[in-house]
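Here the structure is laid out as structure tokens; the discussion comes afterwards.
Chain naming follows the written order as A, B, C, D and E, and within any one chain the residues start at number 1.
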């Protein structure tokens, strides 16, 4: 059954991808990309990668699509006819694809439990991590503890993204009266948003702190919380959103999240362990792991929230500027 | 003769390289006061000569002077090793530097040249690197100073700063750097890869175990890699460099730079290949005949040039190949001739260039056709010119006779009759393109249409110039009679003898 | 197969039917406003029916609560989204099919 | 304490400093702080190199998890050596950048600039030190994102398209690496490089592994701008702010070369890459074409930064050529050139940046007469230029020497000759600039402008590099020793791994599961 | 047949990757290039997740009575990679916005200067 669903989803993905290649309407392209992301999230779910599915749905189908739409609002939605020949790209793609297909021929069969990936390294995560780290969600254990350095890197990547976006676009602070933004006349939206936003933030907190036991974690939580504020900013306008959390404050938050994460590492060094060795955080190693993971997940959540929202602010203020012009 | 006995002998090498270098710095420092600057140049030159004389002393005494300065690569670095051939060259260069400095002072002031400080500074730098080449103990050191010489003379070539000078400078730098990097460095690296050493050793560093074909290729690479030797077809830089002020042409492009080239070839042949080892190589003969062709062809080209300096430049190209040919004949006596030719040609050719400069300063004439009758206005200059020309041709009683003599004997010894013929023909060509100049100057009337008012004002060049050219022409004469010290020096070179 | 399963299946089938008809409508209807009508069929009635069917499949534990929350969330958001879309379209000057059709043509079409 | 954590500190120091630099906010504070941190990182990497030279290898298990379960940091002579060059250049560039950035980047972005610089430094250090294939990808992306930002900070609008092109190419490259690492993981089940190396040898002729190798190679080649995948580099280097160009040109591509070395020598093994896959010939051919094509391109450009950018691509050809020779001396030549080229290009781009600072343009025609107006800058340019040409007593000569000797050792006489002939192009493109600076008159239109020497804050780092160019050209003992032990080390590990497999002894991980025992007890 | 069953997933994923790759290198519009990059990367993520799947396994969250879990490691890697992807996308889009402001176009063939073509 799982294979069948997999096949159907893959077929839909292939159709979506083909459609994207030939469409010239960029708005449709971006929407199709959102669909593509969502379909791939379903595939991930079907392949047991619940955390990944969660993230892909919130990032690929959520944040990425929103950012692309805002960009389209500034750049226009039609792609012009290409002038250069498409033969060379086609050739490159065919060669690359052929190489990959060639590479698949010696691959271990799909889904087989005897595959090397399931024999080496991973068994320890599956068998030992509930004892060593003490969390039921192995993905969180691996993410935050075994490969915590990767996750620190990931947080820094997000931080670099906001540095890049801010240096490119900047966030313009506007006086409230400067322009009428938001959707003032949408009474219904206002009311509904006021109901939903607290719920979304609550859900974000749930995802943040429930990540140890089920799918979720700092990253997803940060994105969801950012989504709540993005909704607020969309409906009530950027100036009002700035009044709630200003861009400067978000910069600080983003930095603080990274520092929070790193400080856990430094503290464990101070306690005599290696960098990010959570065993040192408490007398009981498992408890130490638990503290460590909670704190670093918080750091990740804070940074991701601040970065995503700040990036949206940057794009949003650009879009408003172009609307005014 | 030895003023420096208090010093460690090996330190003389350091000093002889550092003194001109320090001199260059002092020239910059005193650039604002021309008199002081020129004094610095002269004093530096005098100190250098005394140093070289002291080194010569030690060489005759048989003291080995060696110095390892710094190790660039494991087991290989900048090191110096004094040997007779280098001493000979160093003597020539340092002695002529004094003379040229005197001359340059007169010339640069007489000609109102710009950028005189840069000029004297680079001049001293080039001498410093020439000393480095003279005393180099291995190929790497030789190569390094060779490159420094190229770079430090580049500003001298482009001295005028106009388009012609820049064009000349481009050709100069282009050919010299390209050949040295593409061929010489490659040959050096190849040698290193083959033998694991680059030291100059008596009898050469190659032995029978090395592939003769590879060695033959290396020989060609070395000959062309030393672009300063101006073997055809890589001779274009030398005429191009004539855009430089005349003292530069005189010292560097008749003595220091070009002689550094042929000296390098001579040194490589004697100490890397070994004169004996050369005999087995296929390309020895090839290069020999290319050298011979260069002698004849460039003499022919010289005939067609009306510009005096251009004619002298092609004459230099031709004379340089004498030395190359002498080295490639692979006989001890021809090598001796080649070594001596470094000295004898130097004094002869520098005299000729001094005269050309004197004529330029005094009458602003560059072309030979305009010089008819000038001899009466500038008798000393043209007399010196005649002496220099005779020396170059190789007629007694001038210095050039001896070196050509040994070369010819060497050619006969090795049964290379073509070379003998080439030497003869070349001498005839030399007569044809050099002697008419003083003859016309003395015995012809000025051409029609010459500017009379200017003509009447023309007189001999300033005193420093006259002093310089008198000294060098005197040397041409003197070296015919008192060559023995130099011959003794040459005989000290391993594998080389005048007998 | 007990009673709950049968009810659940019926609800599911009904949900699928509405979902499908909504999709068909989205493709076949002539203009924006009619299409949004079709689309909202999918995310209102179809979603409710399907989630309702799933509710019956659970054993009334945490999953039931989650499904109820999802249902509530959908019931709040999807009408709002449809409303916002339609209103924006109206705001932006998009006319309905009836308004775009000239009066005389309307008469002759009959 | 310090010794124990020496391996991780050069990464986390700039990593933690980056957000702090952002918080500091004011341009001058961020600058001072970033410079200080970079200087500290330099000192640390000096220590690290000393430790690596004496102890051989430092392994550090992040989080206390033994490899291959946790992420391992591995420092040996090779990466400590490259790290030393990277941190040194970073520090000098930061000192230099204060004035340069004030001119070229708008004031609001200054602290962002220093933050991005620190992030880039952290990323590069991470790439060098990490012993985990996926961790490498993460750090690669940190440095890349920071780099795109840095490139796009210039005031000229063309920097935007350049940065975008770089972003697209860079992301494709990173994704290729990701695919390659995925294929390796699929076949071996591990991500630790040493562990990978041991397990890859079990599948010598596996098509999946070979494809993974190909993808990693292509991905890394994009990152290091190996011809013909170099198209992103010239515009990016031309239009980025001068300080950024100076930093990137002397570090980013070098680090990518190191990644290539690491994958070839410690992950796949020489036999696999060069004997079974025949990569050596491909790399050598591409390198030679790169040397000639891009050197030629450098001679026909009018913008000096573009000239130097093409020259960089050509120099990358030398780097790749060295490692394609598959010998200790060839690898050593590459390692030395990594260091030396950083010195030369850093100095050259700093000098060009100084000219931009005063003149506002870096066209060759705008260099006319600068030899008199900016004597120190142009002298620095000249010396570094001679170094690129490979004139003796400069580092360029040392690099070339070792490269040619290495080629000759392998009886590649043609390659050796081509290397030397290729370097003649440098005579032309450097010569054009020097000639303009010294032997052309300042144009009339400029004589009224107040063009003078730049401040000491820009001159000092420039001249430090110039003096290093000469110093390491004369006293080669440090570079030679480090490069030699680095390359010998790489070869040793390689042969060690191969022997192990030949003896049929496959290690289950290479460390005892200390952690597991600790927890269970 | 089992051959196809074993590999169909990889082949479709390869096709998807190449579709994304093709969009990146052939698209004329910069936004579309970014969309292509995202598709390319998302498809690579599928490759990773596919290799982590164990037939009959469940999501790697400890549940009483389950012994067969899918491999958590690829999931972790891809979580990181997704974040990296969105970071790149954000910077890329920001660049596009600036390019639009500076040049007035985001179409590759409309840049005046040949050097600016991406």
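One rule holds for everything that comes next: a contact is a pair of C-beta atoms (placed from the backbone, for glycine too) under 8 Å apart; a residue touches a chain by one contact, two chains touch by 3 or more.
Just so we're clear, the structure is a prediction, and the values are computed from it rather than from any experiment.
Touch-path distance (fewest steps) from subunit C to subunit E is 2. Shared contact partners of subunit A and subunit E, listed by label, are D.
Closest to the middle of the protein, by Cα centroid, lies chain D.
Placing every chain at the mean of its C-alpha atoms, the farthest one from subunit A is found to be B.
Among all pairs of chains, A-E has the largest number of C-beta pairs in contact.
With each centre defined as the average position of its C-alpha atoms, the distance from subunit C to subunit D rounds to 57 Å.
Separating the CA-averaged centres of subunit B and subunit C is a span of 99 Å. Separating the CA-averaged centres of subunit B and subunit E is a span of 70 Å.
Once the centre of each chain is set as its mean CA position, subunit D and subunit E turn out to be 28 Å apart.
The residues of subunit E that reach two or more other chains are 17, 21, 25, 30, 51, 73-74, 77, 80, 84, 87-88, 91, 95-96, 98, listed in rising order.
Listed for subunit B are no residues, as none touches two or more other chains. Taken residue by residue, subunit A touches two or more other chains at 100, 104-105, 107-108, 115, 117-118, 121-122, 125, 147, 150, 153-154, 157, 160-161, 164, 168, whereas all remaining positions touch fewer. By the definition of touch given earlier, these chain pairs are in contact: A-C, A-D, A-E, B-D, D-E.
Of all the residues in subunit E, the ones that touch subunit A in their complex are 2, 5-23, 25-32, 34-36, 38-39, 42-43, 45-46, 49-63, 68-80, 82-91, 93-98, 100, 106-110.
The touching residues of subunit B, when paired with subunit D in their complex, are 70-74, 140, 143-144, 147-148, 151, 155, 158, 161, 165-166, 169-170, 173-174, 177-178, 181-182, 185-186, 189-190, 192-193. Those residues of subunit A that touch subunit C in the shared complex are 183, 185-186, 188-189, 192, 195-196, 199. Residues 2-3, 6-7, 10-11, 13-14, 17-18, 20-21, 26, 29-30, 33, 36-37, 40, 43-44, 47-52, 55-56, 59-60, 63-64, 67-68, 70-72, 74-76, 79-84, 86, 89-90, 92-94, 96-97, 100-101, 104-105, 107-113, 115, 117-118, 121-122, 125-126, 130, 136-139, 141-143, 147, 150-151, 153-154, 157-158, 160-162, 164-165, 168-169, 213-215, 219, 304, 311, 314-315, 318 of subunit A touch subunit E in their complex.
Contacts from subunit D toward subunit B in the complex involve residues 386, 389-393, 398, 400-402, 404-405, 408-409, 413, 416-417, 420-421, 423-424, 427-428, 431, 435, 438-439, 441, 473-477, 480.
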